[in-house]
Structure formats: C-alpha cells, structure tokens
Amino acid sequence: METALRRPGDAMASPGAGALAVALDDVSISFAIKGRPVFKAVAPTSLHVGDGEFVAIVGPTGCGKSTLLNATAGLLKPAGGRVSIFGEPLAGLNAKAGYLFQQDALMPWKTALDNVAIALEIGGTRRAEALAQGREWLGRVGLARFTDRYPHELSGGQRKRVALAQVLVRDPKILLMDEPFGPLDAQTRQIMGTLLLRLWARDRKAVMFVTHDLEEAIALSDRVVIMSAGPEARIIGDFPIDLARPRDTADIRLDPRFHQLHREIWNQLKAEVVKTYGEEMP
Amino acid sequence: MKLHPAKLLFLQVLVAVIALAIWQIGATVPIGGDYLLPEFFFSKPWDVLSRVVQLFVSGTIWKHLWITLTETVLAFVIGSAGGVVIGFWFARKPVVAAVFDPYVKMFNALPRVVLAPIFMLWLGLGIWSKVALGVTLVFFIVFFNVYQGVKEVSPVVLANARMMGMSERQLFRNVYWPSAMSWMFSSLHTAVGFALVGAVVGEYLGSSAGLGYLIHQAEGVFDVTGVFAGMFILAAFVLVIDWFVTRVERRLLVWRPQAASEQN
Amino acid sequence: AQAADVEKPNLTLGVGGKPLLYYLPLTLAERLGYFKDEGLNVEINDFGGGAKSLQALIGGSVDGVTGAFEHTIRMQQKKQDIRAVIDLGRYPGIVLAVRKSEADKIKTVADLKGKNIGVTAPGSSTHILVQYAFAKAGLKPDDASFIGVGGGASGVAAMQKGEIDAISHLDPVISKLDDLGLINVMIDTRTTEGTEKLFGGMNPAAVLYFKESFIEANPKTVQALTNAFYRTLKWLEKATPDEVAATVPEEYWLGDKALYIKAFNASRPSFSTNGNIDEASRKAALNLIATTDPTIDPASIDLSKTFDGSFLAKAKSP
Amino acid sequence: MKLHPAKLLFLQVLVAVIALAIWQIGATVPIGGDYLLPEFFFSKPWDVLSRVVQLFVSGTIWKHLWITLTETVLAFVIGSAGGVVIGFWFARKPVVAAVFDPYVKMFNALPRVVLAPIFMLWLGLGIWSKVALGVTLVFFIVFFNVYQGVKEVSPVVLANARMMGMSERQLFRNVYWPSAMSWMFSSLHTAVGFALVGAVVGEYLGSSAGLGYLIHQAEGVFDVTGVFAGMFILAAFVLVIDWFVTRVERRLLVWRPQAASEQN
Amino acid sequence: METALRRPGDAMASPGAGALAVALDDVSISFAIKGRPVFKAVAPTSLHVGDGEFVAIVGPTGCGKSTLLNATAGLLKPAGGRVSIFGEPLAGLNAKAGYLFQQDALMPWKTALDNVAIALEIGGTRRAEALAQGREWLGRVGLARFTDRYPHELSGGQRKRVALAQVLVRDPKILLMDEPFGPLDAQTRQIMGTLLLRLWARDRKAVMFVTHDLEEAIALSDRVVIMSAGPEARIIGDFPIDLARPRDTADIRLDPRFHQLHREIWNQLKAEVVKTYGEEMP
C-alpha cells in the first residue's frame, strides 16, 4: 500500500516539487462533540496538489472528504498540520479557491441570475457586465430559461448547476468541488464534465474533485486519491491516471487502460468500504 | 384555507360588533346588582363613537393627530434604524456584544416613565422628548431581533458567500441583511405599536398637544368618553402605519417560498 | 379618643403624590401615630395623581382618599356620591409665577395672553386655577397655550430651559424654582391674602373624602379617621417648622432641609386649622369649576351633599 | 475571537468605570458655565452608590425588591406563556389570525399608562394590577415573534414530519416548537426588561410598596439620588432574571450548530 | 414510442387491473410564478403502480420527477387529473406512503436516533421500543456509532442514510424515494439497494424510486419509466425489467439481459437529454 502512496511518476505529490497549489502536510481534523470524546475525523494526512493538477478524491461515505475540502478552503481549522496555498501558509479563508459545496448554498433571496452575477460583482465587475456573463454561464449549464427563478423554484439538479455556474464564473485558481454532479443524470453529468475539462484545459486550474462515481473520477482527473473509512481516515491510495488529454468524457470509457485503472482502484476501494460496514451490516 | 376578502371583512366586522355589544351590555345592564363595565370607567360605545365623530367633524383632532403622527413616525424610524445598525454591529463584533451585553439589558429594563424628566431637560418640551421616549421602546425590540436574526444566518450560505470573497460590507448587503429581514419585520410589527405608545406616554407626561395630551386632559376631568375616544383614534391610527410596514415587507420578501403553514 | 370598636380597623387610603406639602397632614398623622391611637391600621397607597386616586376610590380599591375638594362636586355631576368629612387645606396652595426674565413684561394675568404656561397636567387643578384667573381677567381659556409638565422635576427643567414663560404649580416645585431665583410669584394661593384676592374668600383644597356608602356602613371608622386628622391639624397649628421637618421622613426634605423649611413656611397658612368647610367656601369651589368647565351645571349641584360636618363636630367635642 | 472571561470582565468593568467617570465629571465640572449633567437632575455617581449600599444595609429595600420581583416574574411568565400559546394558535389557524390581526395590533398600540385605572378597577391595588400591566407589554413582544417563528419553519422538514403522519399536536411538539425556539428566546430577552418596566410603571401609578413606589416617592421630593439608586437596583435585578433565561436557552438549544458568526 | 408505453406484458400499468397502489391519471402539474406565465412542469400524464410493484423513474434533471412524487404524496395539488391510492381518490396527505425527500429533511433539533425513533413514536409505539428499533435500523444503514449525533454533525451521506432509516422503520405500504442513494459511494449504494430489495421482497411494498443511475434503476426495479425533458414533461418510455428475482444487485450487472435492457433504455434517454441542451449548449 505504501507503493500506492509514493509512485515513481508521482513527482507532484512530493513536497518541494516547485509550484504546489495546495499542500496539506500532516493535516488532522477533529470535532468536539458535547459530552463525548473528541471525534478524530481525519488522521494526520498529507496531500499535495500541483498547480494545474486535477485530483479526484474518492472514499466511502462519511470518511472525511468534505472535511478535507473545508480545511483547504480555510473554513475549518485543522487540529494539527499545515495547510499551504501556493507556498504560503493558509491564514483565514483561502481567497484563491472557489468552493462548490455539497449542500445547497445559494442565496435564497436572489434569483439564479443574481446568484451568479453577484459572484462577479463583489470582485468589482459592473452590474451590466456581470449580468451578461451570468446569463452566459447559466446558458452553459443548461439553465438559460431559468434565469429569474428563485432557488426554491428550481429542482435539485438545477440548483446544483446554478451553484456550479456561480463558482466557475469567478474563474478561481483553485477549484474545490464536492460532488458537483451528484444530483444530475448521467448524460448531464458528462456534459458538465466536458464543460469543466474544457475550462480547466484553458488555464490549468488546480482542482480537488470529490465524487462517488469512480468512472467520473478516472475520466476527468490526473490523479485519483482514495481515502480510508473513518474515523481517523487517511489517504490510502494515490493513482496517477495516465490517459491522454484532451479526453472525451464519454469515449474514454471505452479505452482499455481506463478499464484497467478502474479495476485496480475499485478493488482497493471496495475493500475499504466493506470495512465501514464490517461489523455493522446485518 | 384562504378566505375570500369580503368574507374576511365580514368576520372582522362581526368581531367588532360582538365586542361593542358586550361593552354596551356590560355598561348598561347590571349583573347581580353590579355593572361589569361601569360607565364611570368605560363609558358607552355609542357615546365614544359619537365623540370620535364629533372630534373629526369639529376638526380639533387634526392638529393633535398630526403631532402624534410626526412623533410616532420619527420614533419608529429612528428607533428601528438604531436597532438595526447596533444590532448588526453587535452581531458582527462578538467582543463588543459581550462587553456591552449587560448594559444593553440594563437600559432595556429602565422604566421610561421615570426617564421622561431627563428627556425633557435635554430635549425640551417639544416633540423631541416624546420621540426620544418612543425611540427607547422601539430600539430594544428591533435591536434584540436583528441581533438574533444575524446569528441565525444559514452557515452554509454564509460560508459560500465568504468563499466568494465578500467583504464585511458586501456580506451585510447580500447575506446578513436579507437573511435577517423576516426577523426585522417581525419586530417592526411590534415596534409600530410601541412607537405610538412612547409618543403618547411622552405627551401624557408633559406636552401641549397630541393625542396623549387629549387623553390626559380628558382623564383630568374624568371624561372617560374622551379617554376612550382618544384611544380609539390611536388604535385606528396604528393600523394605518402597520399597513405601510406590511406593504414594504411584502415587497422585500418576494423571494420567500410561501409560508409553510399557508400551503395546502 | 375611643379605640378598638371600629368596623374596619384595616383600611387603605389613597393619595396622589404623598410627599407633596399639599398632603402634609396625611404624612404627619401617619408619622405621629394618630391612626394607631384610634385603633386603625392604615395603609397608604400613593398614585400617579389625584385623578387616579379618585378612580381607585370609585373602583373600590381604596376606602378613602385625601384629595381635592372639587372632586366631590365633579363626582356629583357624574352621579357618584362622594363626601368630604374634614378639610385639611384651606387654600389651594397653587402658585402662578412668571419667569424672572419675563417679569418686566408680564405684570398682570392679562399679560399672559399668547404665552406658554406650564401646568402639572391638562385639566388638573393647576390648569383650572389659571383658567379661572383668565376668566376674571377677561381672557378666553385658550388665549395661552398650556403645557403639562408633570408633577416632578420636569417643571423645573422646563423653566430652566426657558420653554415656559409662566408656571402654575405646587410646592415643592415652586419653592425650588424660587430658590433657584428663576421666578416671580404672581398669584399665591398658599396665603390668605393671595387666596382672598383671587377668590374673594377661602377655597378648600385637600380634604378627606369617602363614598357615601362607605360612610354609612362604617361611621365609627370614619369618625376615628376624622379624629386622627383633627388632632393632626391641631398639632400642626402649634408645631414649629423644625418639629414638622423632624416628623416627616428624611427623604421628604428635598435633599436640603433649609429648602424644605422654606417651602413649609410658604405653605403654612394654607393648612386648615379647624377642618371645617363652610357654605361660602363650597360656593367658591363650585364657582371655580363652573367658571372653567362648561359641562358643570351649577344649578344641579347640591352643595350640602359635598361635605358631611357631623364627624368633625364630634371630633371637636369628644 | 473568543474573549477570556477575566478579560471580558475587565472590559465590562472598564466600560462601567468610564461611564461613571463621565457622569461624575458632567455633574461636577461646569463646561462653558453650564453643567452637562446638572446634579439636580442626575445626582452624582458616588451618592447614588452609597444610597444603594445604604438601602441594602438598612434592609428597607428587601420588602420592595421582593414585591417587584414577584410582579415581574408573574408578568413575565404569564405574558410569555400567553404570547406563545396565542402566537402558535394564530400561526396555525390562518383564518383566526386574519380576522383578529387588526385588533391585536390595535391593542398593542394602547398606552398602558391609560389602562392602569381599569386594571386597578378589575384587579384591585395588589400586585395583580401591576402584573397585568407587565403582561400587556410582554405578551405582544412574545406573541409577534412566536407567530413569525412558526411561519418560518423549514417547509421541507415540515413536509417530512407531516408525511410521517404527525398530528397537529405532535407537529407542535416536534417541529413548530423547537423550530420557533430561537425566535422565542430572542423575544424573551426583550420581554424580561419589559416585564420589569410594566411592574414598575404599575407601582409608579399607584401602590404602597415596590421599587416603582420607591422611585415615585423619591421623585416627588426631588430626591434624584433616590431615583437613580432605584433605577440602578432595578437594572442590576434584570440581569439576574436574564441570566436565568439565557441558561434555559443554552440548555434547550444544544442542537444548534455554533452560530455562523462565531465560527472561525 | 407508443409501443413502449403499452407493452403486452404490462398489465399492471393499465387502469382497472385490480389492486393498484398508485394511479396517476392524466395528472398535470403547474407552478404559478410571479409576473410570469404559469410554468407547466408536467403535461397530462398517467402512471400506474401496482401493489407490490417496484417502479424506477428516470429522466433528465429538472424534468419533474420530484414534482410527480410530491403529487403522489399529496403535498402538491395537481392542476388537472386524478390521483388515487389503492383505488381511493387522494384527499390531503397520502397516509399510506413513506417519502424520502431529495433535500435534507431531518429535524435538526433531534439526534439521529431520535429522528428515527420519532417516526415510530407518533404511531403510538412506546419510547423504549421505538429507540430499540431506531438503533437497529441505524445499524442496518451503517450508522451504529452515530446514533447520538445531531444532523449538522453528520456528513451528507450519513444524513441521507438516517433519512432512509426514518422512512423504512415505519414500514409504509408505499415507498416514495427521491434519489435515496445520491450522495453515497457505489459500494454503499449496492449495500443499501440490497437492503431495500430484501425489505421489499418480504412484504411487497409499492415503490416509486427516482434515480439518475440507470444501472441502479434496472438492477432494482420491475419497471423503468422514462420522463421527457420539461417543461410539459411526459412519460415517454415504460420498460418492464424481466430479470429474475431475487436479484443480487452486484451480480445482476453481469447478466447479458441486463446489458441489453440498459442499452435499449439508454438510447432513448440519451436522445431525451440532448433535447434539453439542444439549443442551449455551447
């Protein structure tokens, strides 16, 4: 398993390899729960994401993926370890990152369009320009006809796509995405994946992409990281994806190398998930 | 369960009629030798109504009404603006809030009646001392609600807004303010009444005009009919102000899903 | 004085502003222990004003009230039978004063036209007194604007800030203003001369009154109270200012004993010495309110029902 | 941004000291020939403090304090219970709410000072007329907030609970009540002060004991020191009641995520 | 396409076929949006679910799946048509149904265990008994160690599983499930699917199961219903799944018939999704 963590081709994962967008070094995360011992969600863990690298994170439910993203975003203070962003230790919020939350996070008092436009406006973009770009982005995620709806008037998948537009329109250097395509149908998922890859190819953002769909993880990313079941979750696998770019998210699934990778990662993941239920499942 | 407006109006009038009937009976029909609502303390509905009409017909009421209106509106606006600003400020600066918390609560507990002489000393006998009294009532109601409203902002929405890079000011405009709005309006509905109470009590304690003055004068000569007429005008009056508040509220809260209890 | 066999040994009295000099006999009777001597256990309830204490009487929350004599007349108009049994103050004790800086411009009541006049409350006795003076001077009731300034320090504040040109008020506000050198007295009904000048006779102010039904049901209790007050009036007649000051609670000294004694001396003549309200005084009182309140019909008032002198007579000859 | 308790206390005391210093200076050092806070109206802090101490040492205060405490607690409990019950009732019965809405608002606007004689008539001179005054203040504050709180219940959580088959009563216990709780407590913090104000104003308008009586007595003889001493005791007093409310609140709201503004 | 709607073997879908658990006849659903023409989300549509039938509903995001479930639950009044439950016209809430919402719907003021137990308690079960059963169900969904956590202290997938336990513990006659396994990893999904099937096999509930995972739909259901892209969404495909029962949700994917069905349904679905983006995609 150690070999999985340190593969020869995995230069970017090792510290000091130059431009690291995100460096989590020995980061551990705990939650204080009233009247209970501290819950150690994530054991000391290191994860390095190079500038322009697309890292997918998979792991059993409740292992600590969201928690890890929260720490990278600066929303959660790790119990131990260091978080560095482009070489600088992170203090406060991570201003370089855009974060697509797992939960609904749209402002309910703004229409879909305003929710997207505000992301630009706070950066100083004029309103007319922000609205134009917002409209364009909503079109890209397939919501051109829903611009003036309030969040509660949208379906779950539609809200998620508004949130996606909200994050992407700002064009951040680092993208943190927590199950961005969760409530979307397979077809829409692929379309969105292609959209994301196109954007990423243009100016090579660093991406941390949490998903439960292993195929999606392989199809999109440069590296797939596997977390063990919690508590005290750790990274137990780190697989570089050596599929050629640019990729077509649909066609790539026919590639034999894809299947080989899939099988390899799946086996490790499966063992891990079974552990979660080990004693508990009926 | 939506009522037809005409039916609603009918029911509302019905309630008023029943209340007036009870009043009339209580004031004129002795029950067990005693009146339930002795005329000396309660007058009679018909007398009160005709006095109200007379006040309006003779025109004496307008000057008083105007003064009280001015005071009420000023107290309401200043008090709620203050409550909103300080409420937000406290909510965003936990240290400030923690330090001043006991003092705010202490001030909230001071009986305003006792403060009247001090306001008169500082602000004179004109409308401002009455406005000040109203403000001390309105302020605390709005303040506590806004303070709580800001703290109730959804953590996820807030985190999202902060990740977008919003400054404190932008957060205020785009997150705290709209989110605390329903708290604010809830407190405003209470505050409207209290603004008027403040103004009237101020007038009652010292003034030369206004509804409170009228009521006080009537009370001094044991003219209960006059007192009730004054209170009646007062109450009708607050409905008008509240109607404006409700309109603004409807306007600003269009984004809300229909209230859960109104569905189905 | 007899004891023990009163019908209602525990009773409550109402008063609107107990510390006022206007009601000094009440405090004295309490502090001198005269109620106890009569076998009474009196609880004194203090109200926000004379009108409120009267309302409490009508509502049945208090048994008797020390309040203005005019209440008995007004209540007759309202079909409430209220009777005074003993007079405590012969003169209203109200003072109309003008601000010093205006004194050279305002010399007579007629000069008050168009001015701001502070009164304790609209419709109160201080207000009515000015209206009476206005009527005598040929002015209409609304020829000046009357501002209610309340009973306490607000009157002083209003005068200090120059917001009122004249004030019609009671002690201790008047003495305080005088002490501060802010006012010139124009009409002083604390004194015999002042009262006679304005009313052409006496004009009873503070009295002890009850509902007629109460008097009927509890004659011995009323008698005991009358006895106690009569004894107080006699004590007060002879007491030195220092004795009075020593008898009232220290808090009543206005934070300044000298000021209290000054105020007491100014008011001294207004306290009744014999407790009686004669025919002329009652007429004067009726005349006062009838002049200023058009809703009062003097013809319909039976003045003999406003004062019941039988208790006082017994108190004088035990 | 959490303060160390000792540091917090230090800052709080500092604020008090500064306020007292300003007061002392304003009362004793003339500015431009005039005092900012003339002693006649404001007394001096030291005098007030020694009066407070004296009141406690001599023991006269206890009786008054006890009466006022009883009135305040009764007004608070009855007023908030009424506000909660009627608030829930109105929120769950839109028709009732729509019909009575204008009347509730009218009553809220009546100056309590004027109502005092009526309460005395009905309830006598004892504590109950004062309690009634306090109740009329507390009730409306709690009522409006609970009403709004119920309407703000998350529609999804409510739909889920209803699909489980909850009866109206079960919905109340398991959904509306916990959900409206933070609204309720917000209003309770305001209401504590108003309960006391009601009690004191009631005493002020007619009584033979209580803090309001003390203040009224002192005011009648220009004993500002006494007035301020009374108000000071009053204010200290409300902090104690509020402390209890806060404890109950903490207890009942354990399930809340840490308030958004306190994170980070 | 008509043939897809009325297949010979599809007796249960036709009206009057005896025990119908859910019968939606010509149901149409509209939303009033302020200052806009009424939004016709679902065009008149009929769907019949027999007693004990497991129907999966798939369709592009935002087509009206949740809306259809809401109408069946009685939470939403259809603009037209009739909803009947076991032959009775539906008035008010559907008391026979348990509904797993797409959004978070746990009571935030109750712990995971209390959230599950309350579902029994309101039916009159004694508290001790309700707690015992709640604990057992939380164990079944793999949350035995998280019973006393409040919802905000759980991960997205954990919350969903609590909600699942909350619905299943009541043992309703009709199950409405809106993307119940959305935020779960593939492995946990299968475990939950197996759990659901076992339960269903025991006392044959009627199930309406919304999912974006076509494989899951086929693996679990008796029938897969496809909805067209909205607005005015309709049911445009109705495929009986003639795979043998009992099924193993993992092994069944190796069955050639499975693949055949998958391809068949997929082709129709794909065409549908592309329509949604037709003019709008960049």
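The letters A, B, C, D and E name the chains in turn, as written, and every chain counts its residues from 1.
Just so it is clear, contacts are C-beta pairs under 8 Å (C-beta built on N, C-alpha and C of every residue); 3 or more make two chains touch, one makes a residue touch a chain.
Each chain and its UniProt protein: A, E = NitT/TauT family transport system ATP-binding protein; B, D = NitT/TauT family transport system permease protein.
Bear in mind the structure is a predicted one, so any value in this text is a computation, not a measurement.
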Contact-graph separation of chain A and chain C, given in steps at minimum: 2
Top chain pair, ranked by how many C-beta pairs fall in contact: B-D
Centroid-based (C-alpha) most distant chain relative to chain E: C
Centre distance in Å when chain C and chain E are each reduced to the mean of their C-alpha atoms: 84
Whole-Å separation of chain centres (CA-atom averages), chain A against chain B: 50
Whole-Å separation of chain centres (CA-atom averages), chain A against chain D: 49
Separation of chain A from chain E, taking each centre as the mean of its C-alpha atoms, in whole Å: 28
Touching two or more other chains - residue numbers and ranges from chain E: 75, 103-104
For chain B, residues contacting two or more additional chains: 38, 41, 117, 121, 159, 204, 219, 257
For chain C, residues that touch 2 or more chains besides their own: 55, 59, 152-153, 157
In the complex, chain E residues that touch chain A: 31, 33, 36, 58-62, 66-67, 102-104, 139-140, 142, 144, 148-149, 153-158, 161, 179, 182-189, 191, 195, 212-214, 269-270, 273-274, 276-277, 280-282
Complex contact set, residues of chain A against chain B: 73, 75, 93-95, 97-99, 101, 103-111, 118-119, 122-123, 150, 152, 163, 166, 170
Chain A partner contacts - residues on chain B that touch it in the complex: 156-157, 159-167, 170, 174-175, 178-179, 181, 255-257
Chain C residues within the chain D interface of the complex: 12, 14, 17-20, 43-48, 52-53, 55-56, 59-62, 151-153, 156-157, 172, 176, 251-255
Residue ranges of chain D in contact with chain C within the complex: 40-41, 113, 116-117, 120-121, 124-125, 204-208, 213, 216-226
